[in-house]
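The two complexes that follow have subunit A in common; it is paired with subunit B in the first and with subunit C in the second.
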Partner chain A sequence: MTELVKVEDLSITYGRADRPAVDGVTFSLAPGESLALVGETGSGKTSVVMALAQLLGPGASIDARTMSFEGHDMLRMRGKALRALRRERIGMVFQDPFGSWNPSRKIGTQLLEGSRGAERQRLRSRLVEILGRIGISRPESRLEDYPHQYSGGMLQRTLIAGALLRGPSLVIADEPTSALDTTVQADILALIAQLQQDRELALVVVSHDLGVVARIAERTIVMYHGRMVEDAPTAELLTSPRHPYTINLIAAVPLLHGPRQRRLGVKVAQGLPSLAGCVYAHRCALATELCRTTQPELRQVGQAQVACHFADQSKELLEAAE
Partner chain B sequence: MSALLEVEGVSKRYHGKRGTVVACHDVSLKVEAGEVVGLVGESGSGKSTVASMVLGLVEPDEGAIRFRGRDVRECLAKDRIGFRAGVQGVFQQPRAALDSRRQIGWSLMEPMVVHKIGTRASRERRVDELLRAVDLDPSLANRKPHQLSGGQLQRVNIARALSLDPELLICDEPVSALDVSVQSQVLNLLEDIRERTGVGMLFISHDLGVVRYLCDRLVVMYAGRVVEEGEVDVVRDTAAHPYTRALLGAAMKVSVRGAVGVEAAEESATTPPREDLPRDGCMFAPRCAMVRDACRTGEPPLVEIGPSRLTACLRHAELPPMDASVFA
Partner chain C sequence: MTTSTTLAHRIARVGRRLGVRGWIAVLVALLIAAVIAFPALFANHDPQALAVTSRLEPPSSTFWFGTDEAGRDIYSRLVHGARISIGSAALIVAIGCVFGTVYGAVSGWFGGRLDRALMRIVDVFLSFPYLVLAMAISASMGRTITSAIVALALVWWPSYARLVRGMVLSLREQTHVLVARTLGASEARLLQWHVIPHMFGELRTKVSLDLGYALLALTGLSFLGLGAQNPSPEWGLLVSNAKGYYLTAWWYMIAPGLVLFLVVLYTNWLSDLLDREDS
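Right after this comes the complex of A and B.
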């Protein structure tokens, strides 16, 4: 089985920054697979997907051994061919349902932009069909509306419809529900999960919210300061996280059930990580001299790939350290 | 002894080109001294309108809001300064709440200048103290907002709200714009402050996990009405309004635990109101699976069903028991 997406050793540096924003990211994605990139602001998760779609401007220098999508070398794709590939094969959904639309043009006009004649008619009827399926009532007439006449949840649904319109093989969703209410969020996530299964779409979702990830991704990569710290099946990651950062991240989520939490997460250190050792060493309760000087590589522990010198015993060690 | 904050039968309507919007209708709630009350509901449920009215930023059309037994309108007219010192707000957008051209230290000092507290030197010491109290380096006083992260800025906002030792904090979605890890630090900080100072809080959020971490009691709003009230864990386990149950169901679907433990429970009525709200009867009726004719005429009253436990559902006694195995 060939991979739909293959990224090897991706690093991204912005401008003349002394450290890369993304460093050594490696993953592949099979057709129909769903993957989440999780991490806090500045962890590089958005940069990774933007680089994959070649959407980063000239200020970013991208370096990778491989970065391919459907067999195309994305590092060398430019101009018309790149635009056609993005238009036809990659659907994108972004965080801000209001910012994703031009407020002065009709919804339908924006979604069908760039298509003419018979193709436009075909896409239009397809759009109406998709909109109807994802719960927009009277889709035909709603295409004549402007964005301000839609609610946030509807705009986000419509954006998803637009992303699916041309039958892509990959959908990239960057914080697709972060700007929405809990109830709407649940709806949108259910919709994405269902569409992904029905259409055998590959999905890369970027989020800082583990709840979102738990809902729609089979596999999750946790990023910290531009590096992958853990890569595991989502259920495995959430139930038995191995990297101290992942453990901390999960402990930071306030839970509605279970025993009352006295503290959330673990105390956080200030400052930037060292360039030499583990990126998490300056915040980690387990850090030793080894961690500060030698960067841990990703290695297999159980079902997970973990970049921690103490991955086999991190949980016990952290409990002992408390 | 009157409660720290009493909101009694408050209504607010906004009149626009396309008709009148009832932002909130006959809302009553109480915050006792040192108590943290969570106010939850989806966007448009009127949570923030309540916050604005308590802060005296918006005047209610009907009803009364009392702070320490005195009407807020009266407080504002006679002792605006004193009222402002007693009730402070923390808002959702940390960056928008600070003057972008002023140093952090200036923003922290401003309330003391306005309230004529201390000398220049003592104010500077106080700024130092405040920054330390919210786990920030005192040297940040010389920075401007654009040099700080969102989490740091929200700490500054909290420090500023605390600078006059208020008795009541109104927190309107203070952590919604923050990352999970930053959010957890700000929540830990608020919990510390509450333990240390005994400040009362009205804490608005749409995240039930957050509310549970911080709050003693929970008030649920829907379409401008209070539909349920009670202790957080009690409401969670025995929710007595179908809307609260929908909210809990949605929260569970996007919770870490929910997805790992059990596959999403039954599809609940979580689709937000697309159609216009009903003119009469229960506002939730069009979305409610338990609806019957009686629900469509007359406003369902908020009835007491236990100690400090209220619901506005006519059929609360007939709601099926919540499936503990699904929610455990």
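Right after this comes the complex of A and C.
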């Protein structure tokens, strides 16, 4: 089997064509592979996954050379076919467990949305089984409860159960643990990682938290201002980042032990980045005239793909610039 | 954890939640409804019976609110006029609310170019002073109560369209709508279960407030001669008829004015009560 997901040159704009929220994003995903999208608020990571599932509203305009899932052209999927594909093959988990549920309807009713008759009965017993397996006690009666009778962690577990209910090939998790307590976060991450391996699911997780990424994603894409700046195996990315932005993103993670990490040559951003050159140029100590005028393409450096003119020696240059 | 769903339990629960003010509001609403439904039970005279011998009599035990220039009992005329005035106001709000809600929901839900086109039409309506527009429409359709109702309903719906569109725009972005969509809910079900129920709180506040405003607008049109015509006991018309006698028969104008005032005050209070109930 070839790629499960293939995205080429994806651009998304909200109203202003000259300021794309996502610009030229390209990646593919094999069945069973886990991928993380990392970046700060507004970097476009959520827009990418929402566009992939065709969940963006009419305010967004999506443009791509290719955007396919299981061989379906997602750019052209509409109406019933789209709804069926999304329901059967894609599971989604969102950030806010409390906001993810309609407060006025029973959990079970919401999870079994869009099914009826014999199929509903079958899904219901399957749901009870999944809920029991992921640590919800008395799942049968819990389905009759309303969201306010659940805790945040349980709501998130239940949402994951809903995402897995119909046996999808892809699960998209948008900041699945950001709204949860630290201890609950660890449980949920372990659950996602385990389910992903057991069921050979492909997983796309969106996060700003490198700790989350390190635990569940084999590969990581770093985004900045709507563009991909680095795409590498997670272990490689965390140990030897190449892009100046990635280097400083990793250096910004507080450590419990060891010396405080030094951030290298970070400048306070002056205004919006210029889209003609490298989007990180306005904050980068290495930025030259070349960076400001010519957009760096993603290129292979070691195991990583990096969009930086100085990718081969960025770390050394940054240290020298300090 | 078990929720009792029997009807008796539900009624008891609602009763406890109402509180003193809630009960007063309900009782007044029932009283108004009864007056509208069975005016003959409340009136003590024939509202149209002329009596030359008892013209412009002051309030007394026979004529509670006095009589008018044709000797008709003002109290009985007010009671019979309630159906016309309040009923018409309710009709205006009902038409405006239903049409405006559907219009606004469609506009907000489907968005894009359709939304822009639909909202420009609303802008056109909202850019006119609504009462002046209603007067123009009503006058061009003939001076009847029906044309006043149609005219006011025509100028009433845009405010609902605007309100509902705004709510739909924010509700459609809620995560639970997104989740239901990914779980396979159809657009109709999303609207039915995830959008529309969450607008009731604000809609009922506006509806109750608008009942009073529509009543004022309708009686205003009648007062100007554009709505109900003699010998209808419509309230605005009563005030209009009374304006020639306010120096000699004060009760003639005070009675319908006071009743109007109290009903509008009630709708305002009710709206405030419903609004507080939300939070």
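Just so we're on the same page, the second predicted complex is superposed on the first by the 310 of 322 C-alpha atoms of A that agree within 3 Å, B and C clash if a C-alpha of one lies under 4 Å from a C-alpha of the other, contacts with A are read in each partner's own complex, and residues count from 1 in each chain.
Basically, a residue touches a chain if its C-beta (ideal position, glycine included) is under 8 Å from a C-beta of that chain, and two chains touch if they have at least 3 such contacts.
Nothing here was measured: the structure is a model prediction, and the numbers come from that model.
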| item | value |
| --- | --- |
| Side-by-side fit of subunit B and subunit C on subunit A, or clash | fit |
| After the two structures are overlaid on chain A, angle v-u-w for subunit B, subunit A, subunit C in degrees (C-alpha centres, nearest 10) | 80 |
| Which superposed partner A:I90 touches (first subunit B, second subunit C, both, neither) | second |
| Dominant toucher of subunit A (residue count), subunit B or subunit C | B |
| Which superposed partner A:L238 touches (first subunit B, second subunit C, both, neither) | first |
| Subunit B versus subunit C as contact partner of A:R116, first or second or both or neither | neither |
| Partner chain(s) touched by A:P58 [first = subunit B, second = subunit C, both, neither] | second |
| Touching partner for A:G135 - first (subunit B), second (subunit C), both, neither | first |
| A:D145 touches, of subunit B and subunit C: first, second, both or neither? | second |
| Subunit B versus subunit C - smallest C-alpha distance in the overlay, whole Å | 11 |
| Subunit A residues contacted in one complex by subunit B, in the other by subunit C | none |
| Interfacial residue positions of subunit C with respect to subunit A in the complex | 1, 110-112, 115, 172-176, 178-186, 189, 193-194, 197-198 |
| Complex interface listing, subunit A residues touching subunit C | 53, 55, 57-59, 83-84, 86-88, 90-92, 94-96, 99-105, 110-111, 113-115, 145, 149, 159, 162-163, 165 |
| Interfacial residue positions of subunit B with respect to subunit A in the complex | 42-43, 137, 149-150, 179-185, 187-188, 206-210, 212-213, 236, 246-260, 264, 270-272, 274, 327-328 |
| Touch list for subunit A against partner subunit B, complex | 40-41, 135, 137, 151-154, 181-187, 189-190, 208-212, 214-215, 234-235, 238-239, 248-258, 260-261, 263-265, 268, 270 |
